[in-house]
Amino acid sequence: MMPGDLVLTPSWTWHDHCSESAEPVIWMDGLDVPLIQSLDTAFYEAFPDDRQPINQAADSTRRYGTGGLKPAWLKPHSSLPPLVRYPWEQTYAALRCLAEIDASPFDDVAMEYTNLATGGSALRTMACWIQMLRPGVRTQAHRQTSCAVYHVFTGQGYSIIEGQRFDWRQGDFFAVPPWGWHEHANPTTEEAILFSIHDTPVFEALGLYREEAYEEHGGQQPVTSVFDG
Amino acid sequence: MMPGDLVLTPSWTWHDHCSESAEPVIWMDGLDVPLIQSLDTAFYEAFPDDRQPINQAADSTRRYGTGGLKPAWLKPHSSLPPLVRYPWEQTYAALRCLAEIDASPFDDVAMEYTNLATGGSALRTMACWIQMLRPGVRTQAHRQTSCAVYHVFTGQGYSIIEGQRFDWRQGDFFAVPPWGWHEHANPTTEEAILFSIHDTPVFEALGLYREEAYEEHGGQQPVTSVFDG
Amino acid sequence: MMPGDLVLTPSWTWHDHCSESAEPVIWMDGLDVPLIQSLDTAFYEAFPDDRQPINQAADSTRRYGTGGLKPAWLKPHSSLPPLVRYPWEQTYAALRCLAEIDASPFDDVAMEYTNLATGGSALRTMACWIQMLRPGVRTQAHRQTSCAVYHVFTGQGYSIIEGQRFDWRQGDFFAVPPWGWHEHANPTTEEAILFSIHDTPVFEALGLYREEAYEEHGGQQPVTSVFDG
Amino acid sequence: MMPGDLVLTPSWTWHDHCSESAEPVIWMDGLDVPLIQSLDTAFYEAFPDDRQPINQAADSTRRYGTGGLKPAWLKPHSSLPPLVRYPWEQTYAALRCLAEIDASPFDDVAMEYTNLATGGSALRTMACWIQMLRPGVRTQAHRQTSCAVYHVFTGQGYSIIEGQRFDWRQGDFFAVPPWGWHEHANPTTEEAILFSIHDTPVFEALGLYREEAYEEHGGQQPVTSVFDG
């Protein structure tokens, strides 16, 4: 696990965390605990030993790391993502490639990590995004029934959420509430990169997903306040 | 399109072929024409101009080349594979990675190219495989209701098909008939790499797929004849 | 709408209620409001007129009432159940037929209303059951991550829920909480019929469904208290 | 099995036929043998005894006959249709109900038998239709990539297939070839009822299904010849 990597711990899989360096390791841990608790369905089991044994043959990167190829004799199971580590080097290369040809008016160069067995969201209840806001970009506003938590991986900029401006820089977090208008800006001369977790798959699975583009004021919200954290 | 690349031309997409070098280009063209003709359902339309215009934004490698990431604003369509060029460099790296940790007793280090939108076969009617037979490997026999056409990309070896031995080397083709026992061998000290096309998806879509392992003689067929092409 | 009928009002469909008799009409109205509110995703729109016009051609019973046949030119949409009225006469006949050949050890003669377009639950977020407890039946206990609300349509009996006995008779309601052990009994000489609504589809859609049979005491819970409503 | 009933014998299920009357029983037997043979995938196994034992609990009509209800504890398997007998009485009632509210311009009152587990075609490779041509009806022409075999259950009329007129009456068979224009007429004062088998599911499963309406001459083909059987 290196800076910028995404590592999944799918539902009901043993996992332990281990730092091999002398320094602390800090990561953003995205859990669907509020949903699971509202459904009264939290299950937990401790592994009998301190550490689980390491099974080399289960190494998802060696098996599925290319994305477009899978071991021919395996039928990946849809609820257990075949690939569970997405290395930063490859992710960043993907953002640079996409930036050459296309971008979203609402989210600029935004990519979603996919479950290779289904082409759908990385996890059953959470979608993970990596997003490059290019220097000078100012997006249009839209909203979804789903909500999101953002982490600023590099760069700085601001987002306007329900009319309020939130300035952010590397290491910051911010959230977009359900059905909240939001748009992003990178007024600097450097790339800004945002990682985010969305509960979109929950809404899609239940037939409750909706999105809407902001039509007024040329697609951008008037700023009515500035967040003063 | 470079040696070893797989390029898909999905059903009902405009395609033209063009060589930019002074040399001839030779490739293996895998068509499902026999199936389509047996179903009396061949459709064809000529593009109005000599060449279709090139749409940079449609470049599937720049959009989906990483495999595990997709543009967040796109819902890939299941019948039109998002990625249509699988470069050899990446494919070969995947084979080497998988070889470090796992292999099939029947097909050694065999990988299937996948449709990134579904995790399933590259095309609706055809599956594409790339397969490394490591030096010294001798596999077990099995059979499927589906059939396959193989192309020897590099190396040499032999396959035993329905009791007959077929020796092959770089550039050769051979076929495995439906429900035909087959096993592979690479008796050399170099890797052999086979590319193959299977009609497995047809059998799976219609609920007709079956496979069976050869149980007798320790899982390997007695050789009753040798093909003398 | 007659006594015993199930009428669905799928998500985002216009609906109004009308009594043509001089008597009040009372029905059990099952809503997924708690879920929708916990997801902050309630949408509401009033029809512009007092009553919507009646479209005879949309009569789902005339189109799909047989269950096993659909108009050949229509592709039913998976999220909008084709059949929205399940008449009691047919439902009761189905219970009687099933009772002749099979029953569940946990729920006796229990049937689930299905969405004819998918074979799955009647609605995306709610499953509807009709259940006959035959005279003298005493079921085994089990539990699910999902919960349920029961209405006693006819007869009397009791259920043991998490060790507590709840006696019920025609017109009563009771609920089984998530992951709550429950079993049913009909100690009378008449049939008892329960209608119930379950949030099972939510758990299945999110990969969170689990069920477990009670193994101790021959499969039946010791009664530790009696509900004194 | 009574006149007008549809009985399915799904793939790889034991079946034997038995007449309990002194009279011969004649039925239309629809097989997908040409497809299966073209795929070289015919499998056959004889039951060890003369007759298989009868398992009352497997009676699909008692379990699933209502269509909109299933035993709550069973997850129907998508490739094995839960209901395998569709009685004529119910089928005819469905045709009469649909006729009151809607009809297809191409096929008049046409209904497709469905697999209750999926809402899709009765079998994986064959769709079954029952179709009422009301007195005086003359439909429009269309064509599909799939083909069909028709049996005239009652009544008389004619069909125009690729410009040729085929007159038919009770007990007759006729076929519509792949991509063949066809339209139907009932010039009498009695209902005509056609049963038909279509290979539509094969085309849909492989992404090869297409249909087209005939636009010229007000949607009806000029008759260029009359079949003189």
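Labels A, B, C and D are assigned to the chains in the order they are written; within every chain, residues are numbered from 1.
Definition applied: a contact is a pair of C-beta atoms (placed from the backbone, for glycine too) under 8 Å apart; a residue touches a chain by one contact, two chains touch by 3 or more.
Nothing here was measured: the structure is a model prediction, and the numbers come from that model.
Across the assembly, the mean Cα position most removed from that of chain D is the one of A. Between chain A and chain C, the centres computed from C-alpha atoms are 37 Å apart.
One finds 49 Å separating the Cα centroids of chain A and chain D. Centroids built from CA atoms put chain B at 33 Å from chain A.
Annotation for chain B: no residues touch 2 or more other chains.
The complete set of chain-chain contacts reads A-B, A-C, B-D, C-D. Per the touch definition, chain A reaches chain C in the complex via residues 11, 35-36, 38-41, 43, 79, 124-125, 145, 147, 177-179, 202-203, 205-208, 210. Residues of chain D touching chain C in their complex: 56-57, 59, 61-63, 65-73, 76, 78, 82-83, 86, 90-91, 93-94, 97-98, 100-102, 104, 106-107, 110-119, 129-131.
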